[in-house]
Amino acid sequence: MPEPIIRIDSIVKRYGALTVLDGLSMEVMPGEKLALIGPSGSGKTTILRILMTLETISDGFIQVDGEQLYHMKKDGRLVPADERHLHKMREKIGMVFQHFNLFPHKCVLDNVTLAPMLTKGIARAQAEERAMELLDMVGMADKAKSMPAQLSGGQKQRVAIARALALSPKIMLFDEVTSALDPELVEEVLNVMRKLAAETDMTMLLVTHEMGFAHDFADRVLFFDRGKIVEEGRPEDIFRHPKQERTQTFLRKILAAGHRV
Amino acid sequence: MIDWSGYIGLILEGALVTIQLTLMGSALAIVVAFAAGLGRLSRFTGVRALATTYIEFFRGTSIFVQLFWAYFVLPFAGITLTPLQAGVLALGLNVGAYGAEVVRGAVKAIGREQREACIALNLTRYQAMRHIILPQALPLMLPTFGNNAIELLKGTAVVSLISLTDMTFQAQVVRAQTGNTLIPFATILVLYFVMAWLISLGMRWLERRVSRGLDGVRA
Amino acid sequence: MTMEWDWEFVRQIMPTLIEGLQITILATILGAAVAAVIGLLFAILRMVAPAPIARATSFAVEFIRGTPLLVQLYFIFYVLPDIGIRLPALLAGVIGLGIHYGTYAAEVYRAGIENVPRGQWEAARATNLTARQTWIHVILPQAIPPMIPALANYLIAMFKETPLLSAITVLELMNQAKSIANSNYRYIEPMTLVGVFFLIMSLISVFFLRWLEERYARVDER
Amino acid sequence: ADESKLEELKEQGFARVAIANEPPFTAVGADGKVSGAAPDVAREIFKRLGVPEIVASISEYGAMIPGLQAGRHDAITAGLFMKPERCAAVAYSEPILCDAEAFALKKGNPLKLRSYKDIADNPDAKIGAPGGGTEEKLALEAGVPRDRVIVVPDGQSGMKMLQDGRIDVYSLPVLSINDLVSKANDPNIEVVAPVEGAPVYCDGAAFRKGDEALRDAFDVELAKMKESGEFAKIIEPYGFSAKAAMSTSREKLCAAK
Amino acid sequence: MPEPIIRIDSIVKRYGALTVLDGLSMEVMPGEKLALIGPSGSGKTTILRILMTLETISDGFIQVDGEQLYHMKKDGRLVPADERHLHKMREKIGMVFQHFNLFPHKCVLDNVTLAPMLTKGIARAQAEERAMELLDMVGMADKAKSMPAQLSGGQKQRVAIARALALSPKIMLFDEVTSALDPELVEEVLNVMRKLAAETDMTMLLVTHEMGFAHDFADRVLFFDRGKIVEEGRPEDIFRHPKQERTQTFLRKILAAGHRV
């Protein structure tokens, strides 16, 4: 049996007096597609941000691809990771944000090629070739020379996905990638992600409020509430027969608001 | 009869000194503004403390006091500067301290989201600053830099108090020699205004140049 | 003559310097009051006056901001009497400071008002408030608090520019110090003390400012 | 004493002197050329000492001595009158330009002011004088309270303030006042000169303490010029009296109370 | 047959060279509940803003409750309305915004009482009594003394509704009142609006992307595209059997994105 690619071991995350994650543990297998759902403030974003090393953890351990994320071995002892170690670990992980966070002063193509050229020292010609493949995949090849300000939200998000893919991470994190989009634009982004899920064996963690999409996309759904995993299982089970009351209430509210599964 | 063309010529010589002071002072101010502004955002406590001390000190004391120190007190420490050097030093360090806050503010204004995107793309701190943060922060700084440059221009009038023969000082000389107050002062008011206006024009031009692309038009 | 620091001399000149400091503070406070009023006038003229007046005001503001206060002070004090306006030195200084900084205050007012989100104007209209009611109950209460730190900043800047008043014979801190220096041929003590006074005052005001900034940072966080 | 100062100046080819912005002690032509009694004398003597040029920088009176001490000037040639405290602060040459004190005031001298004492005695009278200058000191010593002694930044400002009625009397050396009044060309201003009871003052070139060797060399040439009459030829066109300078000495002036 | 309460007659709205509404006409009957749907940029918001007099019109006439909105009679001729006329007309109309636009420096209660006290001269005690009734209706009575910043988005929007109701307008305009809310908070606002629709005979115009809600809420649905009404009818007809191709495409996209009707 293969090793998990992510192993989260009783991590704690506090902001001042507020404990957001309280001893959370979970494992993700290579190639697995995971959907994280749950009410606002339950810690879904936080867990992705911790994996992306955008936050620090207050306690616990995280192992990614066989190595400690926030710690490193030094003289045989585990010590807090330094910037170099984090830099090395980040190669394995990519993230797409709710607000795209494209670089507004660079054209679409430069947005995609910048990181490979800088972090991997790939030559421009090669980086551009690969970038065009990715832009083609997300249906944005014809906009390679546009500036982000000229794109619609859905187009921006597709570029952001291509940009994250350009570094060929083993793990991709998606945080509500459609919730800042006009309803009509949602579909084009979800299509790209469906394609991606089908075509690659990348490990993916997805935070979403689109229950229908979570259902189609995920191998496994985790339901979060107040910094804990309250329930987890296959999408069929979670959405059709939630066991926990909190899951049931949450799903009822969301569905009443007009979303279908 | 008073030889006005000659005396206006004297004032224009002073204007040259004023321009020199403004240009050299601005150059120094820009350098220290970036050094101290980025220093305040450094990871290292020592660097932060140093930058903060510099900024608070030079914003805290008056430009007059700084000028007098540069001119009259530094020599006792064995550093004798020409009046021009003392003027450039005091003005540059003074305006640089204000500029440092502008740099810091602009860099911080390029939000957390852009920084996070850099981390997610695994850029180093230096790469993020150089390729992502500063190119976006620069257009934000320029308008305030323009105002600072005008402040510096106006500050040069103060150096007349340490006998640097700038425009205001020459106006004083002309006034003493001719007994006329209105003409020399009116002349320099107009000259200062024209210079300030040129600075604004230049800054606006620069702003247009560096922010091209951000509004959707490709540079 | 030695150039060592002389505490006895410091003790001797302290009362005179403190006298000067009082004038400096007085000039600053009065100047600030003038600036606050004139600034509002400039801001209103630029925003709501008929085009020619608004444009003339803009030009005047630009002109005043683009030229040194020192020269303006010379003008007010030495040239205005030619047209029959003879102001006492301190008053001339206060007016000079007030007008000069009024042009800065005008910008702050304008920015403060423009920073109130458009939605607030619209909500006021949707609840059928009149223009006057909108200004008094909705816009100004939101516009003014965020201006306070910026205005206070200019107050401090103004404080540091009061030495210019020595050029028009106001015996403020710097002038007293120069006078002492001139009659005793010692620059180090008086000038250093002036620096220390300024530093202390502005350190105090920096803390005060921080407090203001926190207090008024954003209304909706209260 | 530093014996090599003169050699240094010779080598660099010029001496830096501080001058005031006060005709006729100094004058600046429309072409920017510095003349006036004090710099003319200094230029000539330095030339004889083998220093071909002087570089004059205009300075406030109050800033001259600190500037000299801070090494910014090699000498002050500005009408800085000798007084005991100043003699203690700098090394003066023998006297060069002598002048008495004068008042400029409104036509007809309405307040009847003839001495500093008169000003002290009249609670309405305000006097203007340069900050840190002799006149300010004399007025304060005569008992004029501080708030009636207005520190005036420069001669032109003083005249203007007198014309505008901001001060009742403006005090400077006689020749300076005469120059100002003639430039102002204002029939409503008259001059009272000399001021009763005020001493006659003479300036000298002032050197840094420690540069006595240079000062002594300067004195030698000055004495020669006084002897030959060239001295009188330089200063008398400006209105100064050579006789006055030659009839007194540094020793006397520095000792005077 | 009763007179329409709103009669819009070939109005044109231009922004510079861009014509947003091009000769639009429509009528609304008293008490009618209208849903305006359509793609982004089609002019839905614009029409509400024009009714609220937040924009001016470039051409055409609007009659509200028997009187001209942007014109008034003077010496027997129609002339552009002055501020006084607009002020009078605005009494009839209330609006709730996408971003709530609560007054951040006033507490919830003051937000609701401010306008009645100022515009109708109602005494504080009375205004507060009525405000508390309304806050109670929207379920916010217990938060009367809170500041807006202390409320969730859904709570803010409920207060904004109470504020608009406090002036007892004959017509209420709602512009995407739920689209800035977290999905779970949407329901609480929609519930308030359902209750409102059922209980009052106020005329209501609603712009929304929540198709399910539009379906339940409206007596009539108008589908906008590029500043024109492309199709209108009863919700059953529009949602189940749209006739126009543009309506069909739009609904297909929206539904694919996970919204149910």
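Observations, loosely collected:
A, B, C, D and E are the chain letters, set down in written order, and residue numbers restart from 1 in every chain.
The definition used in the following text is that contacts are C-beta pairs under 8 Å (C-beta built on N, C-alpha and C of every residue); 3 or more make two chains touch, one makes a residue touch a chain.
Quick caveat: nothing in here was measured; it's all calculated off a predicted structure.
Greatest Cα centroid separation from chain C: this falls to A. With centres taken as mean Cα positions, chain C sits 52 Å from chain A. We define each chain's centre as the mean of its Cα atoms; on that basis chain C and chain E are separated by 47 Å. For the pair chain A and chain E, the distance between C-alpha centroids works out to 38 Å.
Chain D and chain E, compared by their mean Cα positions, are separated by 84 Å.
In chain B, the residues that reach two or more other chains under the touch definition are 72, 76, 181. For chain D, the set of residues that touch two or more other chains comprises 60, 66, 160. Residue positions of chain C touching 2 or more other chains, listed in rising order: 3, 78, 187. Per the contact rule defined earlier, chains pair up in contact as A-B, A-E, B-C, B-D, C-D, C-E.
Chain A meets chain E in the complex at residues 39-40, 178, 182-184, 186-187, 190, 209-213, 250, 253-254, 256-260. By the touch criterion stated above, chain C contacts chain B in their complex at residues 3, 62-63, 65-72, 74-75, 78-79, 82, 160-161, 163-164, 174, 187-188, 191-192, 194-195, 198-199, 202-203, 206.
If you check the complex, the residues on chain C that touch chain D are 1, 3, 78, 81, 86, 88-89, 166-167, 169, 171, 175, 178-179, 181-183, 185-187. Remark: chain B residues 113-114, 116-117, 119-125, 127, 131-132, 135-136, 213-218 touch chain A in the complex.
Those residues of chain B that touch chain C in the shared complex are 56-57, 59-66, 68-69, 72-73, 76, 150, 153-158, 160, 168, 171, 181-182, 185-186, 188-189, 192-193, 195-197, 200.
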